[in-house]
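One structure is given here, and the rest of the page talks about it.
A, B and C are the chain letters, set down in written order, and residue numbers restart from 1 in every chain.
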Amino acid sequence: MKTGAVAVARLVAARDLRLAFRKPSQLLQPLLFFMIVATLFPLTLSPELSRLRDAAPGVLWIGALLSSLLALEFLFRDDAQDGTLEQFALSGQSLTWMLFAKTCTHWLLSGLPLASSAPIAALALGVPGEALWSMVASLALGSFALSLLGAIAAGLTLGARRGGVLLSLLTLPLSVPVLVFGADATQRAIDGAAIAPPMYMLGAIAVLGVTLAPLAAAAAVRIGLE
Amino acid sequence: MNWTWFHRLGSPPHVYGFATRWTPWFGGAAAIAIVVALFGGLVLAPEDYQQKDAFRMVYVHAPSAWLSLMAYSTMAVAAAVGLIWRMKVAHSVAAACAPIGAWFTVAALGTGMLWGKPMWGTYWVWDPRLTSELLLLFLYFGYMGLRAAIEDPQKADKASAVLAIVGVVNVPIIKFSVTWWNSLHQEATVMRMGKPTMNFDMLWPLLLMFLGFALYFAAVVLIRLRAELLRRERGASWVREVLA
Amino acid sequence: MLSVSGLHLWRGDRHVLRGVSFAANPGQCVLLTGKNGAGKTTLLRAIAGLLDPEEGEVSWRGAPARKTRDEFHGELAYLGHEPPLKGDLSARENLRFSIGIRRDVTREEIDAALARTGATDFADRSTRMLSAGQRRRVALAGVLLSGAVLWLLDEPTTNLDADGQRLVASLIEEQIARGGIVVAAVHHELTLSAGEVVGLDLGVA
């Protein structure tokens, strides 16, 4: 009997989770990268917490963006090389749906850990404790949107030589809205203001991403397999 | 329904012939429009009450900015047509649009910076329109970068088409987010690049210049399209006939 | 049931497929032959729908395969040059996931298929540690498990010993006997003792 959609998503996620836990270093590297970037700012800017606090939203979001770009490399590359993507495309199941499941799993393994470990970096940058929850929420939502967006670019660069730099070149301008609203939400959290307005915007982008990005990613992957 | 026109649109020799015939007309009309508009804008139009002669930069800046967006949209529409109806010529049109659009973006940025110097006392301020324009330039670079990085031309066509469509969906969102961002930091802007209140003497050269730029865009797309078709179809018999 | 008509395909400047046509019905095996670069792999990938031919059509059960893609793929198993296996997973895990996304599959079925292709002994080792021939045996178990009607096999005997080559032949024979269709690109000799075999020579590049 043909496997149902939910079971397909579960299997796709289960395989990626199992693979990730067999190679934990791949999971930790983007996190470590994020921490190091956050450490470099006080060293280059100033150790004064008040100055760092001003820069904190930018530091956290650019760090998160670069780290998610790094993690994006792992999203499809291995699967393209070992024929897994081809198997997906020929399975008779919806490729769009499978890639959506894959992207969500990828976010669970990269974006979510990043958002949850961000408070350490944030505290070191002088972000007040009350702001942390809002900041984690904005980073979680924003990194989800970035994963969806990145899935398209990762799919598009499958067929390209020197995919890595190109991947960043494609993703960075497209991620500006996420960055703007995310950094605004974090800034508001630090100022103790309501974060709802930029969070709604991030939510809207995520919804748009959920609807359109997997379709575009599936089209991109099929082209990449040619 | 008669679909022959649609099939002819997809046939490279037909499109090549069309482009060859129409290029001089578009080019000629563009030259006339631009010369008349320049005369109107630089000589006939009165100087601006606040910005004096500096405002005349608008006659190059604004049409370049409009065309940079129009070129991106044209590229995305052509890409979508190529993807949906599997029409190779449409992909060539999209490929022809990208570098011209990027140059319009550069022109808009350059003239914006030159305009900024007398207005703000500095070449660059993070004005929302200039910032969006800069991001648009990066989108163009991404598109051309992807196209260049994929060796197989058919694959490059399709992948860059997907990117163009994703980009065109994103352009308004980017624009909106940049406006949002700017409204947060209002105090940083010394003086907004205000829309000069234009009377008719100032306005008609601007509109004519826009038309001239659009015609110029069409002419250059056609020229690039011809080159693109010749390159892609270099093995085909019609190319040998054309070049003979 | 599978019909390929007038396939033309260019890769860049190269006209790889020049109007390939053939039909295959249940119980038939089509053996594709031809020199390196003659387009065997390209043809198989075009049939599978991984490549988009400029002209021509692949139809399955009378309908264009492109239009009924998911149904077509549900009945198709494709085995390319490289066995599609995750190096960090064992053969069993690989099959559970890759077949699981197609259909409900039990542990017993997986064990039976691995036994049939002689892969039981190394079924729990991560496939990275396996030899190329062993990996191919695992992949063949996957093809068997897919339950597909149409098998597209690209050089299925590559890296296999004499015993393995006989295994491929008998798997194909069984598939044909079940009323399935096999299209295989072959480089090495492949002799089938039963079933209807159609040769298709793609010639030189």
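Definition applied: contacts are C-beta pairs under 8 Å (C-beta built on N, C-alpha and C of every residue); 3 or more make two chains touch, one makes a residue touch a chain.
Treat the numbers as computed from the prediction; the structure is a model and nothing was measured.
Enquirer: As a test of understanding: of all chains, whose mean C-alpha position lies farthest from that of chain B?
Expert: If we average the C-alpha coordinates per chain, C ends up farthest from chain B.
Enquirer: So using the touch definition from the top, which pair is joined by more C-beta contacts, A-C or B-C?
Expert: A-C
Enquirer: Point out which chain occupies the most central position, where each centre is the mean of Cα atoms.
Expert: So the chain nearest the centre of the shown protein is A.
Enquirer: List the centre-to-centre spacing of chain A and chain B in whole Å, with centres computed as mean CA coordinates.
Expert: Taking the mean C-alpha position of each chain, the two centres sit 32 Å apart.
Enquirer: Between chain A and chain C, tell me the centre distance in angstrom, where each centre is the average of that chain's C-alpha atoms.
Expert: Chain centroid spacing, chain A to chain C, equals 36 Å.
Enquirer: Just curious, how far off is chain C from chain B if you go by their C-alpha centres, in Å?
Expert: Whole-Å distance between the two chain centres: 48.
Enquirer: What residues in chain A touch two or more of the other chains?
Expert: Residues 226.
Enquirer: Which chain C residues touch at least two other chains?
Expert: Where chain C meets two or more other chains at a single residue, that happens at 52.
Enquirer: Where in chain B do residues touch at least two different other chains?
Expert: 151-152, 154
Enquirer: Tell me, which parts of chain B touch chain A in their complex?
Expert: By the definition above, chain B touches chain A via 83, 135, 138-139, 141-142, 145-146, 149-152, 154-156, 158-159, 162-163, 165-167, 169-170, 173-174, 176-178, 180-181, 184.
Enquirer: For the complex, which residues does chain C have touching chain B?
Expert: Answer in residue numbers: 10-13, 52.
Enquirer: In their shared complex, at which residues does chain A touch chain C?
Expert: Those in contact with chain C are residues 1-3, 7-8, 11-12, 14-15, 18-19, 22-23, 82-84, 86-94, 98, 225-226.
Enquirer: Spell out the part of chain C that touches chain A in their complex, as residue ranges.
Expert: 48-52, 70-76, 78, 80, 82-89, 93, 97-98, 100-104
Enquirer: If you look only at chain A, which of its residues touch chain B in the complex?
Expert: It comes out as residues 152, 156-157, 159-163, 166, 169-170, 172-174, 176-177, 180-181, 184, 187, 198, 201, 205, 208, 212, 216, 219-220, 223-224, 226.
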